[in-house]
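The following blocks contain the structures, represented as structure tokens.
Shared between the two complexes below is chain A, which pairs with chain B and chain C, respectively.
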Partner chain A sequence: MTQENKFVINQRHLEKVECLYLKGYLDAHTSPILESALETLVKDGKNNILVNFRDLDYISSAGLGVFMAFIEDVREAGGDIKLTDMQQKVFSVFDLLGFPMLFDIEKEEKTAIDKFNSNEERVSD
Partner chain B sequence: MLKKTEHSDLLTQGDLSELERIREFIIVKANTFGFSNDIAYKIALAVDEACSNLIKHSFKFDSKKTISISIETERNAFTVIISDYGNPFDPNNISSPNMKEYFEHFNRGGLGVHIMKSVMDEISYIPSQNNDSSNKLILRKFIN
Partner chain C sequence: MLSLSLLLFLFKLAVDLLMYLFTENDSFVSISLRIIISISVITPLAFYFFRNFFNKLNNAAEIGFNAFNEEIKSINFLLLFVILGKLLIPNSLEFHGRINNILGLLYVNIYAIICLVAGFKLLHFLFKWLWIKRHKKTKSQLMLIRLAIYFFLIAEMPLIYFNRTLTDFTSNPIISIPIAFIHIFLFVTMFLSASKNNWIALLNKREKFLLILQSIIILTLTIIIDTFMWELNGEGKFYYGLGLFYGSSTILTLPVVLSAGYIIRIMFSAIVSLPTTEIVGKKSNELKLLTYLNKIISQSIDFNKLIDTATSIAYESINASGAWTELYNDNNEINIISDQNINKEYLETLHKNPVFTEIFKEIDDFLLIESVIDSQEENKIIGLIDFASALIAIPLNDGNKRIGTLVVTNVDEYGFDTEDLNIIQAIGNNVNIALENAKLITESLEKEQYKKEMMIAHSITEKLIPINLCCIDYYDIASYILPAEEVGGDYYDLVTLRDGKNCLLIGDISGKGMSAAFYMALLKGVVISTVNTVDSPKDLLVKINQALYSNMDKQMYLTLSAIKIEDNEGNITFSRAGHLPMILKSGLDTKLYTPKGIGIGLAKTEFFEKHLEEISIKLDYEDYCLLFTDGVSDALDGDSEDSDYEKMKHILTNSVYNNTSELVNIMEYSLKNSKKFKNQRDDMTLLAIRYNKLGVI
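This part shows the complex of A and B:
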């Protein structure tokens, strides 16, 4: 199996939010693919980023590190990286290290999108 | 519950593309030993972190180097021995980060050893004594 098949990202553009759908295994081998995708979004000034983990079966610290690399810049630009739809086994890795202290982790994608939209309204008030 | 003593080995290239095969090997053996899927997954995570560190920091991505993984099960102990001929690195010399400060400073990396320590019950390390012997990282998890 190739690296590309082990980890796949599908992307969807909503009005104010860029959604990344992760599938497969996110480890030290595949995490550069996610890093590249996030780097492209941030360079393009797209700072409202939703990452949907529904089809992600595994994450190691290499995957967690990718989110750490971008969260500060994204928040400084007024955006956020919100994480949604994690399988319990994937959430347990985030939880093991206390990542819910820093990251907004939602059970459902809709909640995260609503938060992005309500934040946008507050900013424009 | 008393378990029969068993031994299994996996020899892999020191390449990040081997991580998936390493995890599958660990999960099958941990499940067979009697661990839940959740614990088997966590042990595989700890071994992944150990091997990722080896490949990056000790082997410097030289995939000609190899990693030997042995599993020994005896009574209530599931032991993973990771052997290599790279530069010695004892994870017990690394202190776990204060995660509050880690997040405040938006740090990155250095969490692999923390994960290993969080997941496993015992971690010991035997560095190579000469050019002919390997380093051995010994990760142990007990079953109730």
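This part shows the complex of A and C:
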């Protein structure tokens, strides 16, 4: 199996939110793909980022680290990285590390998008 | 040898002189004496020419065409001397040196010596070149020729004694017919022997013409000399003259006959190979260039130098009027990096037209346009290139990736043929192979470097982790670590806190290899410097986070659990910074402890501390605590959907063990039999604690 089909990211552009859909295995070998995807978004000033984990089967410590690398900058710019739709197995990895205390982890994508929208309104008010 | 010859020659002159003055020249005694002295002059001369004959032919400079040419030239001069010298032999000469003056006698002797030298030189020349270009029959053929020389030398003796007149000698068919036959036989032998003439085909045009010219000269000269021998009209002074010096006529005339056979064959080969000169020259030139290219390729991993060399070789090897290599990058830019007789700026301007660029980029295998004017409509744009009426272009690839195109152009329509295309393709293939090679070399260097780093990382981590945990009263502790080939970053330790009580640590550093080893060293240092300042596991973890948070890469973190042994009653405190849960086995039950806590390096001190729990647990007699890293849980429970560590719990409750060492051994056995063990990519670490009321294990 090549790295390319081991891990895939699909991207969806909403009005205010950029959605990343992760699929497959996210480990030390595939995390650079996610890293460059997030880097491109942050570079373009797109700071409202939603990461959907619905089709992600596995995440390793290196994969977790990627989110840590960007969260600070994104939040400083007034945005956020919200994580949604995690499988139980993936969630427990995040949970053990204490990610629920550091990140906004939502069960459903819709909730996260709503939060982004309401937050935007609050900021613009 | 030469000086000995000269000395004996002077001696012969003196004897001849004496005989001329005091005896009859044709008496039996005088002829015998002359023969003996002549042999004594000829023998050292023969030695001089043929000493170390077979050993001398190893020097490359002596066996090239230039040497061949030089030798023929000097022989031609000698033969010319022989012919001119014959004209000066006194007309009054009679057989057996009946000569009417002393000066004539002297002259004939000197002339005979010149003939001898010419003969030997010619013979040596023939032997040498036959031997250099020898085949399996050469040795026997040379032997035959040698025997023929001996035969003629011996046959000359009775002729001198008995056939006293020239007319007898040449007109007597009993003598002349066999001699003529033997001559023809030797001529044919020589012709056959000179069969290995491939080297002539490889000469260039100038060399071939030179060879033919020299051959014609030597052939003419030898035929003239041959006619002297059979001269029926006139005085027959040549034969009479040489008759005065026994052996000289054989030594001269026989090689003359032999050389005719040899030279005719050589000349024939040269003439026949003349039309193919150009193609042979081209082929050998191509071969040279490809060899040169191969050398460059094997020596150099410098990309630009490689492309430069390849382009100039392409340009030179097929007589193109222009050549260049263009490279493509990911941004769709075109770089013309090696231009030979091509206006680079103009070419870049042409490339602004996408139609022009597409022609080259679309090439799959090759593009051969023999005539731009006669070619398909879409290729007519090529005609915009300066002086390009014909063109060959081949793609350059780095692995599967198309990186560029090598293009050669010609001023003439139909100036290229398929041969040229083959050459350019060969060059292109070589470049592709070289790029592949360079990649492999770089990869293997990186791999080597990586292996070295891994060895260092391993030795660092080995030193940081205790091999055996020492005993604690009332508690039985065992550990197990199975490092992965790639250093995984697992860590465990037993430390003493400020209050003197023991604390066990187990952790896992995110990342692998060198960076994991580096952070492990950092962690170990922080642990050593903080254990004396705190009393509780929570404080220890907070201090460690405080020290590491600002010193770690944003995406690096580590998980750590700390268990403090509080007393001899089975009381422990447990705090967990993002690490995996602790499993407690009590009787037949198991329980997971997952107090709240964030991984170290993920949050600032206050936030980290606020969310870090510390729990107290009371162990009963024979209770087991099991701590582990994700290498273990992934191997045993990685496949199951829920992460409740069922497999590990099962082992804990359904195995028979009496202490932690036995438990660890059972766990090790299970790990090594798990499916994931074969391609273990992470460290596997286990830490087991048993409360042992008796104080003895």
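List of remarks:
Heads up, the rule we're going with is that the second predicted complex is superposed on the first by the 125 of 125 C-alpha atoms of A that agree within 3 Å, B and C clash if a C-alpha of one lies under 4 Å from a C-alpha of the other, contacts with A are read in each partner's own complex, and residues count from 1 in each chain.
Heads up, the rule we're going with is that a contact is a pair of C-beta atoms (placed from the backbone, for glycine too) under 8 Å apart; a residue touches a chain by one contact, two chains touch by 3 or more.
Just so it is clear, the model here is predicted, and its values are computed rather than measured.
Once the complexes are laid over each other on chain A, chain B and chain C cannot both fit and instead clash. In the overlay built on the shared chain, the residue A:77 is in contact with neither chain B nor chain C.
Residue by residue along chain A, chain B and chain C are tallied for touches, and B comes out ahead. Shared-chain residue A:6: touches chain B; no touch with chain C.
In the superposition on chain A, A:25 makes contact with chain B only, not with chain C. Look at A:14: by the touch rule set out above, it reaches neither chain B nor chain C.
In the superposition on chain A, the residues of chain A contacting both chain B and chain C are 28, 61-62, 64-65, 68-69, 72, 88-89, 92-93, 96-98, 101-102.
For chain C in complex with chain A, the touching residues are 508, 510-512, 553-557, 559, 577-581, 594, 596-599, 602-603, 607, 611, 630, 641-643. Interface of chain A with chain C (complex): residues 28, 61-62, 64-66, 68-69, 72, 88-89, 92-93, 96-99, 101-102. Remark: chain B residues 16-17, 19-20, 23, 37-38, 41-42, 45, 48-49, 52, 55-56, 99-100, 103, 106-109, 111-112, 114-115, 118-119 touch chain A in the complex.
Looking at the complex, you find that chain A touches chain B at residues 1, 3, 6, 25, 27-29, 58, 60-62, 64-65, 68-69, 71-72, 88-89, 92-93, 96-98, 101-102.
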